[in-house]
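Below, each structure is written out as structure tokens.
Each of the two complexes below includes chain A, the first together with chain B, the second together with chain C.
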Partner chain A sequence: MKLKKMLFAAVSAGAMMLANPSFAATELSVQRFFGACDADFGTNTDPTKAVGECGIITSLINKFNADNPDVHVNVTTVEWPGYDQLTAQFASGDAPDIVTIHESVLSDYQSKGLLMPLDDLLKSVGVTPDAFTDAARNGATKDSKIYGLPIDSWTMLYHVNMDLFKQAGLVSADGTPIFPKSPEELLAQAEQFKQKTGKPYFVQNLTNETALYTRNLYTYLFQQDSDFFADPKHVKLNTPEAKKVVEMYKAIFEKGYTTKDLDYGGSINAFLAGEGGVHLNGTWVVGDYNAQSETKGTALNKGGYAVYPYPQLFGGTHAQYADGHTWAVSQKDRTPEQIAAIGKFLKFFADNDFEWSRTGHLPAYKAVITSDAFKALPHRNTISAVADLGKPLPSAVQRQFAIQDIIGEEMSAAISGQKDVDTALADMESRVNELLANI
Partner chain B sequence: MSAPAASIKGRAFGDHLLLALVLLLSIVMIAPVLWVIGLSLKDNAELMADPNSVFHAPYTLKNYINTVGTSSVFIWVRNSIIVSGGLTLGTLILSSLAGYGFARLNFPGRDVLFVIVLFGLAVPEQAVLVARHQIFSMLKFHNTFQGLILPGLSAPFGVFLMTQYFKAIPKELDEAAMLDNASRLRIFWKVLLPLTLPAQATLGIFTFLGAWNDYFWPLISATRKDMFTLTVGMASTQTNFAQSEGIGFLMAQAVFAGAPILIVYLFFQKYIVTAVSGAAVR
Partner chain C sequence: MVDRLAMSPTATLAVGARTPTADIYAPQWRNFIFVAPFLFFFTTLLLFPLLWGMWLSFHKADTFSSGNFVGFGNYVRLYHDKVFLQSIWNTFYFVLLTVPTLALIGLFLALCLNRRTRTAAVLRTLFFSSSVLSVTIVTLIWRIVFIPNVGLLSTIYGWFGATAPAFISDPNLAMVGIAIATIWWCIGLPMMLFLSALQQIPQDIYEAAALDNANRWQTLRSITLPSIKRTFILVIIIQIVLQFQLFGQAWLMTRGGPNNLTKPIVLYIYDTAFRRWDLGLGAAASEILFILILIAAMAQYLVTRSRGDQA
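And then the complex of A and B:
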């Protein structure tokens, strides 16, 4: 009798375990940056109620887990950008299944065979590269294959204090800001701005910074059709085109047309306090600045806030440097169930790109960027052009974060007068080439 | 005015000057701490718009609630305590034994071995990082406590410190104990080790602080969330633009991460002051 009871209990327990859907769920490890916000959004499964990068991505993954009981995603958040950790994980054979990687960094891992090409998997779940915007497709494609599901495009923008622009007489009759069309015009407008407002035209974070300098240089090299990375293993930066850009920023610095000695946080505070006309910052602050402009008593509420892509200052193709975030998949042996689960996850993010675009980043999908819902978001009508203008470095260029640091350091030295422009450009070129030669 | 009176007045003035200087230095030292605490009690959005808002209400505990609300934060505290405690204990044991050996025992190759240990002081961690990471990968030590503790046990500074300390203790003490038929281990444990307590405290405190604040090795060895130490875990919760958009949260994290050290200091204040002043004299 006792044995019967025990058998019955064991069978019942087994049946209950099998009946629990999570018991059979396929586990996926997902690693991402964007921070943790468990206290606010840890249990939220409605992305429409979330705000900010962290809130939206947390809520999206919660929703995915809720909607797909046959898959369970375990999330590890890492400090931005997380590449030291990821490299160490690959080295120890313990890489996550899915991981956030910048488009500019994909080739570092893809070139070593560490990432899985996604073309077939995406096709199997109904996501095709022709659905991506040009900027997103170019950024995620390496050696003619897709190595990351693009979720956005981001770039640097002209964030404008319209009150100061009005004071400076730099607003046209239709209420839009007047931007320069050449370096000379930029300097002239900056002088006019300074004379009329007593403030610098630009708010820039020039302290503890390399990325801003480098992105500015890339953008204005693209606008001169400079093919500085014709050979992805050898850069040409000691050129007349690069010299024009560095000298322009040097003049801006020397003539006091920009804030100086501000770090990133300081530059945001300065712009929000109305200390300058144009803040060079990314897509990610559009939401915050818009909220400020809607708050009474703030500097941006006084005359309004506008945001635009960089103006075309040179005679070449209209373009500007852009990057993007992707979900990449590590290369490892997997069961068909695991691959199917990864496909589901990627498809889910492709389908929910609008929610992600509420962060301020631009959508990676044509259908979203042309949708009424997206256009209805504040300022998207002026910045969505970046989806066409956005241009990454050639996909085969490796170590782009390290290159960014070198270029930024040398530009900073040239602009602040620590080095003359020619020496800085020569050093920049040789240091980058030395880095690339040792890969 | 008589000479003694002038001397007293002069001394009083000097004392006052010294006191004013000490007060000024205290303010300089405490100001950043108060600044951090003040920022941690402000809303992130308010700080982003106006950093001076730290000087006036409203204040909030939201940043602390968010810090503690991160699901794994107490696991990370536990991990840091295990790693820092284990590393400190192991370093004290190994350094004391090695220091005693180098100071008191004669064995072939002792001096050469000591020089090799000293060479360890000149090798930066970065130089051995890749090799160590590979070895630990082969041994499957990543994402384990031994993976986080073992590298720190190689402590040439600790061995050097303890060797010098043991050398400074008169050998007559050993000889007297030997006459009483005490074994080497007994002499080490009962006679010499208690005399090295100031050095132990110095080494222990610096080892514990170093391990508690260590970031880079835990970053690449403990890549699983449940094995993060507090430094890595805290960093992982920051948003991309934490220094501008999440400064209040960042400061609350700093207070939270620093609090255990402060508590350790409050309990062991006497030993820490003795240790640090002893280290300075030495």
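And then the complex of A and C:
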């Protein structure tokens, strides 16, 4: 009799589990860039022990899975930036639930109705847009609605090898690097650097690259108050301001003040091996470079590593190009459980933005950027300024990654001497306008 | 299929005289069942996309919507697009760099390795082995060779205190770099085709030549090369059609740079349709590529037909 009762109880419990889907974990598909590092962090659930973009994001998602047994996140890692794949996924109706999208790209997908507005969902989990920094809120807002949970603001920076700067006599009495205040001063300091160290002032990835060129141009156009995208459908790049910037980079290239044939990976290796003074790279490497500088025997450990915003070289407003990363949610029919799971995931990242800010990116939340913990992180005293300096393109400008490719291609041609500067600027302008006119 | 249907009246008569119900060649609707699977895939995977592509090329369409009819607007845009014209030239330049080289090196290797020794067998396998690799692996290998500062080429040049040529970033060398990787990758097929042609030349012709005291050069010029002429043309045409479709190597090694100098037509199509979402323009460029490949295929048909007539 007892046995019979136990059997009934077991069968009933089993039937209930089968009947009630809440016992099964809700599956969420998450797609992201930031690289793959499962060998190092695949099982780590403690984000505080991770370094770098890849390590921290992998550990954060691991922690989310561990903390939320009712939700299971399946991660697909794509090569940066992954938009070709995402576009194909959207076109075939197979988009991931949650996906990393740059603020500058949100409007491409949002304008096609492919992304879910997140205002209500975020409100339901206690995340309100007034908690975001101004830059993050503006970047994630399209047509007065939030279309991505901002996780950071990023920009390009001057990563400095202090040992070589000391050798070049470019360090002031208080130990800070001396930066130029005009294009002429930049060329003079680069020459001095080359004479004293025998190495180029800049480490740049100029091969297989378009983004770096474009971000440099945007920054120095902002610094000249050039309103080149006054009309989001029509760019003005064949201007004296743009010419000044391209000619400056052309002089840097021709006079050997930069590394020349390196791709992105090669430029990182070159900087870490001490082959140049200033690496033009983003906020995302601050954590990694700082870790290198603390490792004995490395080029950055020799005389130290410093990192600063781009110097102000022109007479306009102090500004530099900035963008940000967000988690966007694809538009599709979902069960209340799935929507709740997405809400949990977004809330988790909002709550853990400090861990993400250890990468070097600037936090997307006021509470984090003003916190003592963030300020105590290395180099944040010098780079926090970009929270105010950072300036994106107007959010109504579509196809910003395609525009970036066109500008980068033409700048590369002008700088390396394949085209004269005027022709390159004219081609750049007409190609971008042709693209925008046909959206 | 066409031949069989054409035969059917005669067959009906011949068979009908004996057993009137056993006409297997008579046109019957149930026979459609046998070709239906093929027709289904042919229509859905080939014919429909082909016609849809043509339709798209006359529309202003993006990845998520097909917009207004623009007539030949997309073709006019292509005509004025310097990058597209550059990509056509790049494709022809790449074909010019690779096809003759593949044919000549393939022939040379086949002549050297056309013997029954173990070394020749090992070398044949070795030269063919690169063909089994995927484009990703091939470009990875050649990037490791070409990459500045730490690459194999840089290391070797470094031993002599010289700077290695920048095969990935130099505007004059980037396409040559892609061509080198492609030749290394594709050399197996021409070599094998030439080997099989060489082995079909009757041995007695060589014996007759030897009796006539012909030297090796005379034998090569008067017997070997004329005998494999048709294979030579076949190799050239196959390689033209293959190399016209260059995509993976250029995308993975140079991303089409520097300044679009290594951007082939297929990469232009990919860039336009999937990265800029300008599907109409991408479809129009695809139609141009279709016409170019059609011309190559027609040339192949005409050449092989006229050869066949002569034979």
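Odds and ends about this structure:
Simple rule for what comes next: the second predicted complex is superposed on the first by the 411 of 439 C-alpha atoms of A that agree within 3 Å, B and C clash if a C-alpha of one lies under 4 Å from a C-alpha of the other, contacts with A are read in each partner's own complex, and residues count from 1 in each chain.
Keep this in mind: contacts are C-beta pairs under 8 Å (C-beta built on N, C-alpha and C of every residue); 3 or more make two chains touch, one makes a residue touch a chain.
Everything numeric in this text was worked out from a predicted model, so none of it was measured.
In the superposed pair of complexes, A:35 makes contact with chain B only, with no contact to chain C.
In the superposed model, A:439 lies in contact with chain C only, and not with chain B.
By the touch criterion stated above, A:91 is placed in contact with chain B and with chain C alike.
Once the two complexes are laid over each other on the shared chain, residue contacts for A:270 go to chain C alone; chain B is not touched. By the document's definition of touching, of the two partners only chain C reaches A:427; chain B does not. Taken together, the two structures place residues 84, 87-88, 91, 263, 269 of chain A in contact with chain B in one case and with chain C in the other.
Taken in their complex, chain C has these residues touching chain A: 60, 62-65, 77, 81-83, 147-150, 166, 168-171, 254-255, 257-260, 271, 274-278, 281.
Interface residues of chain A facing chain B in the complex, by the touch rule stated above, are 33-40, 42, 52-54, 76-80, 84-85, 87-89, 91-94, 263-265, 268-269, 272-273, 284-285, 288, 291-292, 295, 298. Of all the residues in chain A, the ones that touch chain C in their complex are 83-84, 87-88, 90-91, 108, 112, 114, 206-208, 210, 260-263, 266, 269-270, 399, 401-402, 405, 409-410, 412-413, 416, 418-419, 427, 431, 434-435, 438-439.
Interface residues of chain B facing chain A in the complex, by the touch rule stated above, are 45, 48-51, 65-66, 68-71, 133-134, 136-137, 142-143, 216, 219-221, 223-225, 232, 235-247.
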